[in-house]
Amino acid sequence: MSDGTISLERLTAWLGRFAELVTDQRAYLTELDSAIGDADHGANMARGMTAVMEKIGAGTPAGAADELFKSVGMTLVTSVGGASGPLYGTFFLRMGMTAGAVPSFDGGSLGTALRAGLEGVVARGKAEAGDKTMFDAMAPALDAYDAAISGGGTVQDAAAAAFAAAEAGRDATAPLVARKGRASYLGERSAGHLDPGATSTALLFQALSETLSGTTTPTGG
Amino acid sequence: MKKLINDPNNVLADALVGVAAAHPELKVDAANRIIYRATPKDKGKVALISGGGAGHEPLHGGFVGFGMLDAACNGEVFTSPTPDQMQEATKVADRGAGVLHIVKNYTGDVMNFEMAAELAASESDIKVETVVTNDDVAVQDSTWTAGRRGVGVTVLLEKIVGAAAEEGRDLAAVTALAKKVNEAGRSMGMALTSCTVPAAGKPTFEIGDDEMEIGVGIHGEPGRHRVPIAPASEIAKQLVEPILADFDAKGPAIVMLNGLGGSPLIELYLMYGEVAKLLEKGGVKIARNLVGNYITSLDMAGCSVTVLKADDELLKLWDAPVNTSGLRWGI
Amino acid sequence: MKKLINDPNNVLADALVGVAAAHPELKVDAANRIIYRATPKDKGKVALISGGGAGHEPLHGGFVGFGMLDAACNGEVFTSPTPDQMQEATKVADRGAGVLHIVKNYTGDVMNFEMAAELAASESDIKVETVVTNDDVAVQDSTWTAGRRGVGVTVLLEKIVGAAAEEGRDLAAVTALAKKVNEAGRSMGMALTSCTVPAAGKPTFEIGDDEMEIGVGIHGEPGRHRVPIAPASEIAKQLVEPILADFDAKGPAIVMLNGLGGSPLIELYLMYGEVAKLLEKGGVKIARNLVGNYITSLDMAGCSVTVLKADDELLKLWDAPVNTSGLRWGI
Amino acid sequence: MSDGTISLERLTAWLGRFAELVTDQRAYLTELDSAIGDADHGANMARGMTAVMEKIGAGTPAGAADELFKSVGMTLVTSVGGASGPLYGTFFLRMGMTAGAVPSFDGGSLGTALRAGLEGVVARGKAEAGDKTMFDAMAPALDAYDAAISGGGTVQDAAAAAFAAAEAGRDATAPLVARKGRASYLGERSAGHLDPGATSTALLFQALSETLSGTTTPTGG
């Protein structure tokens, strides 16, 4: 079985790739938010992740995972605002709180941290499955991740599965009538549109999968 | 997109430069995007802060001053400000008697203000209370939604509760009054056009020349339904009826006919004439009124109606002196 | 055409119904389309009246009240009122000390006010003096034009001269002051969009998404030239430079950044920041300022800058109490 | 030669036809005013002439020409506003003042009254030839009218000549750069457009010609 160590550099690369993706798709995310929200999700995510990369790029790199993710979370909380700021912010803050002062993750500890992040999102936003929020991409992604790991899969398999599940969850938000966030004001009119936050969450797992699949995982006896 | 701006991603920061230049009676903390009184209120009085995304001007910065807010936090256009800004504003505003956070009911605003209150509790010993406004009858208040939006009543609440704070009422009394005002108010809005978020660069929604949106909020989101454009008298019906259907509005009230930013004053007065007629017919005795742009949605053409049932206490507080760039009298 | 109106040919009359409903402190003579103070000023004081076409709100009706106008005559949208209205307003306003007619320099306004003054002279013994404002530097003042348009300075003049009248100065002194104010003021305007005259039903001029008009007045007429749309900092240059080139503006001044009706307040503050920077660079010491919609052109998006050189006398009169729906302080 | 008596009824018919024409062409007049003015000339003329026809239609008809035209002028002055109100109003007021208490005009006295009207317009508006105003249609119209009359023509001939000259004068305003009224604010940009007031003035003489040509003029030895 692979040891699948995920170094801080690799985790930083994940964040960097997520920053790239939300910046590239900024207009698309705002487009989605125009249909059922207030046309700022793209700007919010791009502003937030740009601030994050500036923050963790500056000064001495974080010595441990808890430090890294707490500063990511705090930066999002203080630079984004809106609904996505506290939610993504809390996601990374909780990841950091759970991670402990470790120099790296393995498949299991990454899963534990991600799960804590999801719980933070739920604690903050009270979203349930089918409310048409980022939860609907995030929860299935983590279930798929855990299943892959406990099935003996590599972190690459797990991340790929999470990404696939996140995209499926994102697509499944289209027919839903929103029950949380701005989109809920539209009632029936919110159906027929992808949820912007679920879409940015799919990008988060796309970034994870792409970054980890770049890892070479030595196999040993 | 046609706007009097520079970089579309820098509109708030650039506008705050103008606010600072125009208002020596205000201080602008550019780093934290906070507007506060240059001369704070007396020690021992409760402070009021509010905040929200930009694009609703004069709300909230235009209501900072004697008799209304002590500080306002500004987020990016249509984006709630962040907890650290709110915490900073709370510290700046506090005069030792605690701070009331006035929050419009939007998921983002509520979550960020929650985090700010948590920060205040953990990092300082400033007493913080919160009132969340939710007066928009266009939204069903049910577990199926994020609840009603906070709109027009926020303006009237900031004025009335601000007067109570100047009187020296304590935090509990000020908070209770704020909740009473919110519960006594209802609003309904409509749009003839979309607005254009600078960073988005195009109208948030497409709408035909012969259509209008009924039940819009203040963030350019589409309303509850789209109908053929109608004369002012009919539009007034579509705004007033849902309000009167939602609560018993009979008796004295403060009524605001609010412009959403792109409709000229002559149209707002014309609408007020139609709305006042219908409200009086519905048993509302209009004791005070406001007609103008008070809580806007960038350049959206349209208007909203707010009806606040007002007993003698509220009217007395309404009439009390206020000295802000957005509302000023008795001073 | 998307407007909050009923019959496009009845906009003024319908809007006056709303004005009457909103402002118990004002009287509205619907037949003569006159707005005047419910409580007239003291006997023996000079009265000020103004008037013009509708579509410039709050000008002029929004400036009727203590410290400013005694009465305002309203014409149809962009159409000067008629001599009989002005004569009626003159009678209503006169307190025995004579009446100053404040006229914006447009052929129609000037001719109608002339006929009104002739009527007053022949039919009554009310002393009438006239000041014609002409502050728009976009128009060359030559025998080749009808002269410069009266725009932003009209607002500042009504405030300052209104204060002098409340002080009890006589008609000659009030008139002389009015002329002094007009001569000390300059304005320049620009438009991002046309406006739509209700009775016309479509925009007065077509303009591309990437174009703007420089040197517009307040009647939807095209400006002096059309140029590519530019950032606020560049627009500010195109407004400020012609003003500074037209007169020596060095020294203390009252500056107004005025919205034309369709531009939201956040953009006006942003523009004010840019304009103030350039004016200060040009040696103007901004002693007082106004930012907002004060003299508009229906729903036109755009703004104008007015610079009024102000000595201590003008500043003192500017700061004097005023109590109108459009301007209120010190009261 | 024809006696060419022009009765009050006929004069009233002239005004009625003018009212019809400005109402029919209201949109066109406003269109012209949009190009170089403020888009209200059609509304102004239609409002004014509608008020005129209500006024002279109501109560007992005027007993003499002076009475008729004074009330037409006063009605225009008090119902139109703008530039065209005082100008057309003064035109008819002066016609009335010059007419005297006559029960009818002939070709000569009508010409005298019209000339007085033009002088009133000039006294009020200070327009000169080539300023791109209603003057540029009115003045040539009256010159042509007088020439026809003094050449022994009938009032019909004179009115037809006035109409033709008014249209020529109107068309000649197109290339002009305005020096009076709102259009003067546009400077060079005012060239290339017909003047709205000159256009409504051409309608005034169209109405006169059409109405008078309806008269049967008995010829006698």
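We call the chains A, B, C and D, going by the order they appear; numbering starts again at 1 in every chain.
One rule holds for everything that comes next: a residue touches a chain if its C-beta (ideal position, glycine included) is under 8 Å from a C-beta of that chain, and two chains touch if they have at least 3 such contacts.
Keep in mind the model is a prediction, meaning the values are calculated, not measured.
Separation of chain A from chain D in touch steps, taking the shortest path, is 3. Identification of common neighbours of chain A and chain B yields an empty set.
With centres defined by CA atoms alone, the chain at the far end from chain B is D. Chain centres here are Cα means. That of chain B falls 56 Å from that of chain D.
With centres set at the average Cα position, the gap from chain C to chain D is 33 Å.
Note on chain placement: the centre of chain B and the centre of chain C lie 29 Å apart, centres being C-alpha means.
For chain A, residues touching at least two other chains: there are none. Across the assembly, chain B contributes no residue that touches 2 or more other chains.
Chain contacts here run in a simple line, from one end chain through to the other with no loop closing.
Per the touch definition, chain C reaches chain D in the complex via residues 9, 53, 75-84, 106-108, 111-112, 114-115, 138-140, 143-146, 149, 197, 199-200, 204-205, 217, 219-222, 224-225. Residues 2-7, 11-12, 14-22, 54-55, 57-58, 62, 192-193, 209, 212, 229, 231-233, 235, 257, 261-274, 276-277, 286, 289, 291, 293, 296, 298-299, 301-303, 323, 328-331 of chain B are the ones that touch chain C when the two sit in their complex.
Remark: chain D residues 30, 34-40, 42-44, 47, 77-87, 124-125, 177, 179-182, 184-187, 189 touch chain C in the complex.
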